[in-house]
Structures are given as C-alpha cells and as structure tokens.
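Two complexes come next, and they have one chain in common, chain A, joined by chain B in the first and chain C in the second.
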Partner chain A sequence: MTRYLLRRLGQSALVLILVTMAVFGLLQVAGDPVVIMLSGTGASEEQLQSLRRELGLDAPAPVRYLRFLGGLLRGDLGKSLRFNQDAMGLVLERLPATLLITVAALGFALAGAIPVGILSAVRPRGAISYAGRVLATIGQATPVFWLGIMMVLLFSVQLRWFPAGGYGTPAHLVLPAVALGLYPMARISRLLRSSLLEVLSQDYVRTAWAKGLHERGVVLRHALKNAALPVVTVIGLSFGALLGGAVVTETIFAWPGVGLLSVQAIYNRDANLVQAAVVLVAVAFTIVNLLVDVLYAWLDPRIRY
Partner chain B sequence: MSRRWVVLALLLLLGLSGTGAPQTLPAASAGAAAGKLTIVQGPEPLSMDPTMDINKTSYNIQLGLYDPLIFATPDGRLRPWIATSWTNVNPTTWRIKIRKGVTFHNGEPLNAESVAFSIEQYNRSRGEGNKYFQFIKGTKAVDAETLEITTDGPIPATPTMLGFLFVLPKNYYTQVGPERFGVEPVGSGPVKMQGWQRGVRLVVVRNEKYWRGVLPIEEITYRPAPEASTRVAMLLTGEADIIANIPPEQIPRIEAGRMRVIRQPSLRKLFVEFNMKQRPLDDVRVRRALNHAIDKEELINLVLGGNAIREIGPVPDGWLGANPKNQLTAYDYNPARARQLLAEAGVGGGFQMDLWHSIGRYLKDKEIAEAIAAQLGNVGVRVNLQGMDIGSLVQRIHTQNLSGAHLFSWAPLIFDTDNLWRAHFYSKGLNQYAVSAKTDELLLAGAAALDRRERQRIYSELERHVVNDMVPWIFLYRQSLIYGVSNKVGWLPRADEVINVRNLIVK
Partner chain C sequence: MPGWIRAFVTDTGGLVGLVIVAGVLLAAALAPWIAPADPNRQELRARLTPPSWSSGGQARFVLGTDHLGRDLLSRLMHGARTTLVVAVAAVAIAGVFGTAMGLVSGYYGGVIDDVLGRLMDAQLAIPYLLLAIAVVLVLGASLPNTIAVLVIGGWVVYARLVRAQALSLRDREYVQAAHAIGAADAVILRRHVLPNTLNPVIVIATIEMANMMLFESSLSFLGLGVRPPAISWGSMLSDGREYLTAAWWVATFPGLAITITILGINQLGDWLRDRLDPRTLPRSERRGSRSPSPRIEATKTS
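Then we have the complex of A and B:
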C-alpha cells in the first residue's frame, strides 16, 4: 500500500507539471494582459513596455515559466495582476465557498440517489422505479443554466422562499446546491440501480436469501457494498468536476467560488491568478482521485495495491 | 456501513458550514432598513486602490471613498473640489490651491503634500492607473495649501486630467503599503470602508464628518451578480435597490414588477473600424459606400429596442472640438448611393470582408454584427462574421493587423477630447487602424494649444477631417445605460456609467 501510494504521488507530481505547462502555454496564446489593460487609453508603446517591465512580463516565455516553477516550489505563485494581492491567497479565500457548494450538492444528490437507486433495483417494476427513471431523464437532460434561472423565478421571485443570489446564510445555499446536485443525483441513481440489479442476481446473494436473512440485511449488508464500487468512482469524478467547474451555477447564483474567480481571471488575462486557480484545482482533483482509489480497497477487500 | 456514510457526510457538512460562514460581516439584510441601500453591479470590484484598478465597478465605489482633486462631469465641465482654484503660471507650470480643513477618514489632514504624493503614487503604480499622470514631471508643495506641478510641455488638458485623480492619504498609504491599502482604503470622501468579503459584498458607511455635508444614506452595500437575470430577480425580491447593466429584453420584467427602469444615453460609442491598408477598403469611396449601406436607425430601433442614440462624428456633444451637425457628412442610409460608389471604385460586383466582433460585451453586440452583415449583404458585400470574447478581440485588434473591419467601442474615462484622439488616431498609440500624418499633426497641435479657442478650432478641423475625408469608421451610435431601481431610491445616472453616491437619495 505504501509503495503504491508513493508511486501514485510521483505520478501526481508529473501530472501537475504537465498541467502547469498546458496552462502556461495557453495563457501565452491568449495574449498580453498589458494590451487589454491599456486598450482605449491612448497609451504609447513606451508606456506599454514600461508596464510590462514592472509586471515582469518582458522576459521571454521560457524564462517566465521557469520563474513560475521556481515560485511554485516555494509555494509562491506571485501576485494577481488585477487584485494586487497574493494569487494563491485569493484562490484559497474562495475554497470554502466552493467546497461548501460541492459537498452540499453531492449530499443532496446522494440523499436522493441512494434511496431511489436501491428501491428501484429491489422493485424494478414498482412506482418508485418508474418515477426515478422519469426524474433521472429530466435531471440529466436539463441544462443547469436554464434550471437555475427557472428556480430563481419560482422560489425567489414568486414564492420568496430563498434569496436569488449571494452567499453567507444557509438559505443562500439551497437553490445553487439543488441546481448543481440534480445532475449527479440522476446519474448516480441510475448507476446504483443497474449495478445493484446485477449484484442481486449473484450466487452469494441467493445464499444470503437462503440463510433466511431479512430483505434489509440482504440488500444493505451484502449487495449494496459490492454494488457501491462504480458509484464511488462516479462520486469521486463528480466531486473533482464540481470543485473546478461549477462556473455556470456560480455565475447564476452570484456564488463566490473558485470557478467564477477563474473565469473572471481569464477574461482579465490575469495570468498569475489563472495559474494559481488551475494548480489548486489540479491538486484537489488529484487528492480526490487518490482517496477514491484508497476507498476501493476499503469497500472491496479483494482489491490489493 | 450506511450509518458510517451518514456520519461522515454530516461531519463534512458541519465543518464546511463553519468555515463557509462570513467572517467579517453580519448576514445580508439588503434594502430592509431605511437609509440603507444595496447596489448590484455585474462583476466584482478588484481593488479599492485607484492607482491599481479603474474598472467602472471599482471606480463607482472609489468615487464615494475618495474625493477627486477637481470634479469633472461627462459634459466636459469642471468644478472646484479639493482644488479651489488652478492657474497656469507659465505654459508648463500649474499652481493649484488646496481646500483648507479637509481630513481623511483616519483624521490625517489633506493638504498639498497629500496631492503631490497621490500623483507620484499613480505614476509609481503597477496597475491600470499608471498611465494617466505620466505627463506630470514634477510636483512641489509650496505650502500646505499650494501645490505646483510642472508638465511635460504645455498641456491644456491638465485640469480635466486631474479630475481623474483621487487624493490619497500619504502617511497611511506609505505606512500600510499598496497591497493592504487596496483592501483597507482610507479617503476623504462621503463614505468610508466598513468591510469587504471579496466576491460577496463590500459595505461602506457614511462619513459623519464629510466636508461637504453628511449623506442622507447611512450605509451602502455593493454586491456582484454576473448574470443579468439574477440581478433583475434581486431587484424584484428587494435584495437590491439599484441594478446596473440590464439588457433590453429584461426591461418588461422590471416594469411588470413595479420597479423603475432608468435609461441614460451613455458616452460609449460603437463603430465599425476599417483596415484602410487593405484592398478594397483603402479606397475612400468604398468606405463611404459601406457607411451609406448601413441603416443605423434600424439597428437602433429593431436590434436595440431604441436604447441608443445615433452619432455622426466621434466627438461627444459639448466637448471641445465638437462640430455643428451641418459641418459633418451624415452618411444617411442610401443603398443606391452605396452601390454606385462601389461601382465607381471598381468593386460593383461586391467583395468578401471579415467583420470581427465581440460576443456579450456591448449591448447586443453579436446581433448588431449580424444585422450589419445582412445590410452589407444587400449591397453585395459578403461578410464573414468572426465573433469572440472581448479579451481576445482587443488582443487581436491591437496586436495583429486585423483584416476587413471590426465592430469596436470606446468610452472615455477622462473628459477631454485629447484622449479620444490618442486612443484611435495617434500613430504612437495602441490602435493603428485610423492614423495618418495629418491626424498626428492636428492632435499634437491641439494637445499643446493653451488658448481654448485655438484648441477648439484645431479639434473641430480634426473631426471634420476624420468624418468627411478620412472615413475610417462606420459611425454608428452611442448605447444607453439601463438600470433597474427600486421605488425607495431617488437618483439620476451619469453618461459615463458612474454611480455617484453623492447624488443618491433614499425615500
């Protein structure tokens, strides 16, 4: 296990290096922040050049990349060009909001998906199974920007139950978490249903029935644990994706997460801030993946590393 | 096993809601109490240090925190403010009298030395404010109430430029440094900083000792909401009292919710800029033809729902250099004339042209580009639309020699015509599409003409040259600003997108 973990950590470091190269390269293609900052102001070429020098943007790209890597090793990703604050600090400041909405959305998704998935596997022709299928289709087919705006119209403007946007109280969390959680809920409930159906037809489950166990014991103790493996994978993937990519939901609900910050940084060509955000999200993603792999071994003792 | 899951999930949720709670501010109770207002703009402010960040979102807040040296309004007028008077001692020296008895929020006195420091700090800045006062070569506080500045050559626009200078507290700024100043600013303005949870809200409270009298509003909260329909929802639910930057299609929702819509013609002009170095656009007849081919009224009425004002020349009304309308060629919609001009230029059979445009930056920019493409199609010009985000477009416009034409825009920060000329018509500026020896010569002559009438003469000649002879643009319109306002707010917006807290009233 220890050797496996070490090897995985080595791989992760390599992935991170590749990620930084990709981000850095893309930012070079995206262009020069100084031009955007001074567009329309009548600035002269000398003024552009002096601002570039001030910001350390006048060195050739490979030199700047090496400087960036050196900073990364010391944990210093430079200052945001626009906020004039430590770039990593700005991203870390948003992390609680991002984690909060990610965990809330996944919590909501699991709270719905696990019972619906189990019940529709146990009673494949029951009412819940059909209702679950309809919900899953809707949940997976509805784009979140539309759903979010509709939820705001209904629950904020018409019913006045929740605020339309913002951050800070539990009431602010409800609409974005539900909007964001609906898609993983639909996906996980379908996946759990099919995976549980498959397990329920296995020999050892029949043995459990034959022992005279209750339905509860058979399904929850024996079948669910084995059916959970693919579900854990999907949860891990969704978690990673939500950490970096809840941009649309964050935009609609004015939620101050990492996604919204990164998009604004991209529009502003705030290179240091974009790099800090991407590095952080990549690290988070890597950790989540590692945790999922460790969780496999815990769920299924046959899996050895 | 299932119990273990539940416990794990609960623990995570608890831990996170702990860290996720606001640390510096109480929960939002926007717009509830009298005397409190919430203003919702699109993007979030980046820095409260005006030498770093001059985006409108931030500038609107800064204008409340600080006082400008001179108060400049978008119609080009100047009012004594922190400076009570300014005179040209000689062509390159200005003597400025500073108001007595003004103090910053922390009690630091505001004097000539504060102003001198502010100019130097702008010029030292690593941010967007760096560019504006480089023309000032020396500052000298003669005594506490007198400042002398020397400029790089005679610059008649100096007082107007100084309308853009916020006066900063020298001691406090030097003590905390730019990074902390950007988050914990101190100014002399009518409001002072209360707290800022970045990305969530920024709260200011009124300065009870403001030298011009105390504001009628106790507290203002600024919140970001990038999505326009969310801003409208926040107005309708009472979470917001003023919402900025509303697209025309959202207007009926606001009116149906019994809130007020305020439309204000802005100084933001839109135009199509040609690449005059390429065939066939190097022929002025072709550029005139394309001007005649565009039905500007249709663009304004059909695409923008009337939320724009047609413009025939680049200089805003009332500004130095603006010509009487009968001095400028208006290029009215006349497709027959357009076809005739194209035929005279030898491209009667039409031609292909790229039209580069932004998506989602200006009012209906993509739809306007499509309408222009259709109208040009009617006279035989086959337009290839090239749409992209504004950052990429600005990059390409300034760093590549973009083919064909681009739908572009300009809005002034400083209300002197010199800025307009340098932004577009100066061969040493960023924009290289509409420059010539003649525009250079006239704009430099105007920039140095200390006599106001002489300056007016030169600039109006330059405007006539640009519109009547050079034709580097299709002159389109100035778009309107659209705000939604709750019934308890009294306010008149400004043409430059500024929300000045000094003009707000709560009913």
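Then we have the complex of A and C:
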C-alpha cells in the first residue's frame, strides 16, 4: 500500500508540473500582457518598460517559469493585472463558493441516482426503471446553461420560489445545484443500474439468496458493495466535469465562484488571474483524483499497481 | 441487408435518433433555400414578436423573433450549419490525431508511451472548460479557433482508447507473424492494428460528436466561441437570456434545438454501440444473433 501510495503521489506531482508548464507556455504565446493592459492608453515605451520591470516580466522565459513555480510553492502567483491584487488570493477567496456548489450538486446527484439506480436494477421492468431511463436520457442531452435558464424562467420568474441568482442563503443554492447535478445524476444512475445488474447475476449473489436472505440483505449488503466500485471511479471523474460545468452554472446564476471569476478574467484579458485559476483548479482536481484512487485501492484489495 | 434494417426499425431508440439527426442535417444543408427569411435581416418594428401560435404572433415568424427582430426559425436553421461544421471538423481532426497518437503510443511503448501518457494525464487534470478558457485567452474567439479548442480538448479520448487497443493487439500472433515476414511498422499499424481499433473509435466518435456540440454551444454561450455574424445556438441562447422575462421564446428554442439534436445523436450512438460491440448486447439478443460475426457486418453498414 505504501509503495502504491508513493508511486501514485509521484505521478500526481509529475502531472502537476506538466500542467504548470502547459499553462505557463500557453500564456507566453498569449502575447505581452503589458501591451494588452495598456493598449489604447497611449503609454510610451518607457512606461511599458517600467511596468514590465515592476511586474518582473523583463526576465527570459525559463527564469520566469522557475520564478512562477517557486511562487506557486510559496502561494504567490503574481498580481491580477486588472484588480492589482494577489491573483492566488483572489482565486482562493472564490474557491469555497465553487466547492460548495460542486459538492451540493454531487450530493443532489447521488441522492437521486443511488435509489433510482438500485430500484431500476432490482425491478428492471418496473415503472421507476423506465422513468429513470427516460430521465437519464434527457438529462444527458440537456446543456447545463439551458437547463439553468429554463429553471430560472419557471422557478424564479413564474413561480417566484427561488432567487434567480446570487449567493448567501440556502435558497440561492437550490437552482444552481440542481442544474449542475442533473447530468452526473443521469450518468451515475445509469452506471449503477448496469453494474448492479451484472453483479446480481453472479454466483455469490445466488448463494446469498439460497441461504435464505431477504431481498434487502442480498442487494444492499452483498451486491451493492461490489457494484459501487465503478461508480466510485465515475464520481471522481464527474468531479472534473462538475468543476468545468460550474464555470457555466456560476455565470448563469451570478454565483461568485472561480468559474465566474475566470470568465470575467478572460473578458478583461487578465492573464495572471486566468493562470492562477487554471492551476489551482487543476491542483484541486488532481488531489481529488488521488483520493479517489486511494479510496479505490482501499475498497478493492485486489488492485495493486 | 434486411437484417440490420429490421433491427433498426424494431429498435425505436435508434430510429428516433436517425430521424432527428437526418432532420437536423437536412435543415442545415438546405437552410439557404428553405429558411423563411434571411437569418441576419433585422426588422426592429417586429422585435420580440412571439411565436405564431401565441397571441400577438405573426404567421411569417413561426417561432417568433429576437431582440433585433430577426426570424428565430431561420436563425436556428443557419445555426445548425455552424454547430455541425464545428462539431464534425472537431471530431474528425481530434479523431485522426488522437488515433494516430494512440497507435504510436500503444504499439511502440517505452519512452514514447511514457511521455504521451503523462501528457494525456496532465491534460485530463485540467477541466475542459477551464482549458478552453485559457486557450481562448491566447487565440481569441472565432470559428476556426473554436474548432482548435475542441480538438485540443478532445483528442485524448481517442488516444487513450486506441492506445489500450494497440497495446493488446501488439502481441497477437497475426501481428507477430506480419512482423516476422518483414512487414514495416507503418504497414503493420495501418493494415493489421488500425482496422481492429476502428469500431470502438466510431462509437466514441458519435458520443464525442454530441459532446463537441455541447462544448461549442457552451463556449458560444459564454461569448468565447463563434462570433457574429456567424450564428450559433449557444450565442442565440445567451442573447435570449437578457429578455427572459419579456420573451421566453428567444432563449427556449435554441436550447430545445441543442437538447433534441444531442438526444438524437446519443440515441444513434447507443444503437451503434449495441451493433458494433457485441459485449454490450442484452443477453437475449446476443443469443439470438443470426450473424456469426456482428462486428464485420456492422462495419460494412456503417
């Protein structure tokens, strides 16, 4: 286990180094941030130079990459070109809001997907199974942003049950979490259904039946544990999709998270802020994947790489 | 081949998918001729006209007009062109590039495989939309750049899949035999390895087609994708967002178009997967399959 952990940690570190290189390289191609910032202000070449010096942009690229990496380790990713504040601070300030909405969406997805998945595997020809499949099919085809807008139209404009956007109270959380959670709900319920169906046809499940266990015991105690393995993987992967989907959801519901921040940073051509957002989200995502893999190895003792 | 036709007809999901996809393709292909109006012609006096069936609607604007008085139905038809061009181009380029990378990585293994594998891991560590945002920051928003963004995000799926296939095919006897009689690597890859990886690639490509459409409309919705005067369902939707309380139809119909199209592609993809991958067939169907080799039959029909 320790060896596996160490190997997995090394892999994650390597991935993160590549991510930072990619992001840094990308922004080198983006052009001179100083020119972008001061374009249209009629600044002289000396003024451009002095701003470059101030921002440390006059050094050669490899030096700046190492400086960037060192800064990342010290928690300093430069100043936001727009707000003239610590970029990492700005992102970290917004990170809890994004995590809140992702976790709420995942919670909503699981709360729906687990019962529906189990019931539709146990009664494959029952009403819930069919309803679940129809909903999953539609849920997988509906774009988050349209669903969000339609929910605003129905629940905020027409029925006035929930606020159309903003942050603060639990009521603000409902619409974004549901909009963001529907897709993973569809995906997880479909997967749980098929993986549970497969497990239920195995010999040890028949043995459980044969020794006279009632249905609840067979399904929940014996089958579900093994059916849950692929689901754990997909939950980990969904987290990445959720973080991406959060960009759109936050924009629709004016949710002050990292997604909204990075979209605004693009509009402002604030390269440092985009860089900080992408790197930090990648770090968060890599940590989640690492945790999922460790959890997986712990759940399934057969897995040893 | 009546067998697969019958299968298609009895399989309603696949049929529904085919009808939807064919309808969208037709609407997109014939848009300049069958669209009722010029999609970019503004008629400010008729702005935000409701759909023809609701009160205040006009017969010439079947689905109503947007905030500049442009005919929504015509814009939807022309928008289908943009969406399809972007999605098809992205899937084709990402598919070819990803497949090539996967073949090389899986077949040669070693250092190449290690480097490519880490690259893929690194890319998957960045959520797609955030990666797209970073790339748009560099390239700027436009139609070709949208395709580029989608390709950058999309090739890994194919590469991973084909790599795994190539890895297992590499040690098969017929590949070894080809090697032994002195076939060049390029020939072995093209004639013996590639054909055996194509079925899953086709299935993934269908699913990716839907994903690419979804991402294109997300990007255009955020203002990071296709720019006017090119019409995209995503940007139409974001236009409509501001008039949500006054004119529900402007945001509703483009979203409906996206959802229905993606639904159709997904249904078609599910059907294709069932045909091309015998392992996922339901038990009864698998036993009753008349064709000794469903894979080959399916390849011919696709």
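In this text, the second predicted complex is superposed on the first by the 286 of 305 C-alpha atoms of A that agree within 3 Å, B and C clash if a C-alpha of one lies under 4 Å from a C-alpha of the other, contacts with A are read in each partner's own complex, and residues count from 1 in each chain.
Here, a contact is a pair of C-beta atoms (placed from the backbone, for glycine too) under 8 Å apart; a residue touches a chain by one contact, two chains touch by 3 or more.
Given the structure is predicted, the values throughout are model-derived calculations rather than measurements.
Trainee: A:Pro170 contacts which: chain B (first), chain C (second), both, neither?
Mentor: A:Pro170 contacts chain B only, not chain C.
Trainee: If you stack the two complexes on chain A, which partner ends up touching A:Ala97: first (chain B), second (chain C), both, or neither?
Mentor: In the superposed model, A:Ala97 contacts chain B only, not chain C.
Trainee: Looking at the overlay, does A:Pro256 come into contact with chain B only (first), chain C only (second), both, or neither?
Mentor: first
Trainee: May I ask you to decide whether A:Thr286 touches chain B, chain C, both, or neither, giving the answer as first, second, both or neither?
Mentor: second
Trainee: With both complexes overlaid on chain A, does A:Gln11 touch chain B (first), chain C (second), both or neither?
Mentor: A:Gln11 contacts chain C only, not chain B.
Trainee: Which partner, chain B or chain C, touches the larger number of chain A residues?
Mentor: Looking at chain B versus chain C, the one contacting more residues of chain A is B.
Trainee: Examine A:Ala271 and indicate which partner it touches, taking first as chain B and second as chain C; both and neither are also allowed.
Mentor: Once the two structures are laid over each other on A, A:Ala271 reaches chain C alone.
Trainee: Would you check which partner chain A:Trp146 touches, where first means chain B only, second means chain C only, and both and neither mean what they say?
Mentor: A:Trp146 contacts chain C only, not chain B.
Trainee: Looking at the overlay, does A:Leu229 come into contact with chain B only (first), chain C only (second), both, or neither?
Mentor: neither
Trainee: Examine A:Leu197 and indicate which partner it touches, taking first as chain B and second as chain C; both and neither are also allowed.
Mentor: After superposing on A, A:Leu197 lies clear of both chain B and chain C.
Trainee: Under the contact definition given at the top, report the residues of chain A touching chain B in one complex and chain C in the other.
Mentor: Dual-contact residues (chain A): 30-31, 149, 152-153, 157, 251-252, 266-267, 269.
Trainee: Considering only the defined contacts, which chain A positions touch chain C in the complex?
Mentor: My answer: residues 11, 14-16, 18-19, 22-23, 26-27, 29-31, 137-138, 140-146, 149-150, 152-153, 157, 240-241, 243-245, 247-248, 251-252, 259, 262-263, 266-267, 269, 271, 274-275, 277-278, 281-282, 285-286, 289.
Trainee: In the complex of these two chains, what residues of chain A are touching chain B?
Mentor: 30-32, 35-45, 47-48, 51, 54-55, 79, 81-85, 90, 93-94, 96-97, 99-100, 103-104, 107, 110, 149, 152-153, 156-157, 160, 163-170, 220-221, 224-225, 251-254, 256, 260-261, 264, 266-269
Trainee: Contact residues on chain C for chain A in the complex?
Mentor: Against chain A, chain C makes touches at 118-119, 121-131, 133-138, 210, 214, 217-218, 221-224, 234, 237-238, 240-241, 244-245, 248, 251-252, 254-256, 258-260, 262-263, 266-267.
Trainee: With touch defined as at the start, can you tell me which chain B residues reach chain A in the complex?
Mentor: 1-2, 9, 12-13, 16-17, 19-22, 25, 27-28, 43-44, 46-47, 49, 52-53, 126-128, 130-132, 134, 178-179, 182-183, 197-201, 223-227, 229-230, 233-234, 236-237, 239, 257, 389-392, 394-395, 397-399, 410-411, 413, 418-419, 421-423, 426, 428-430
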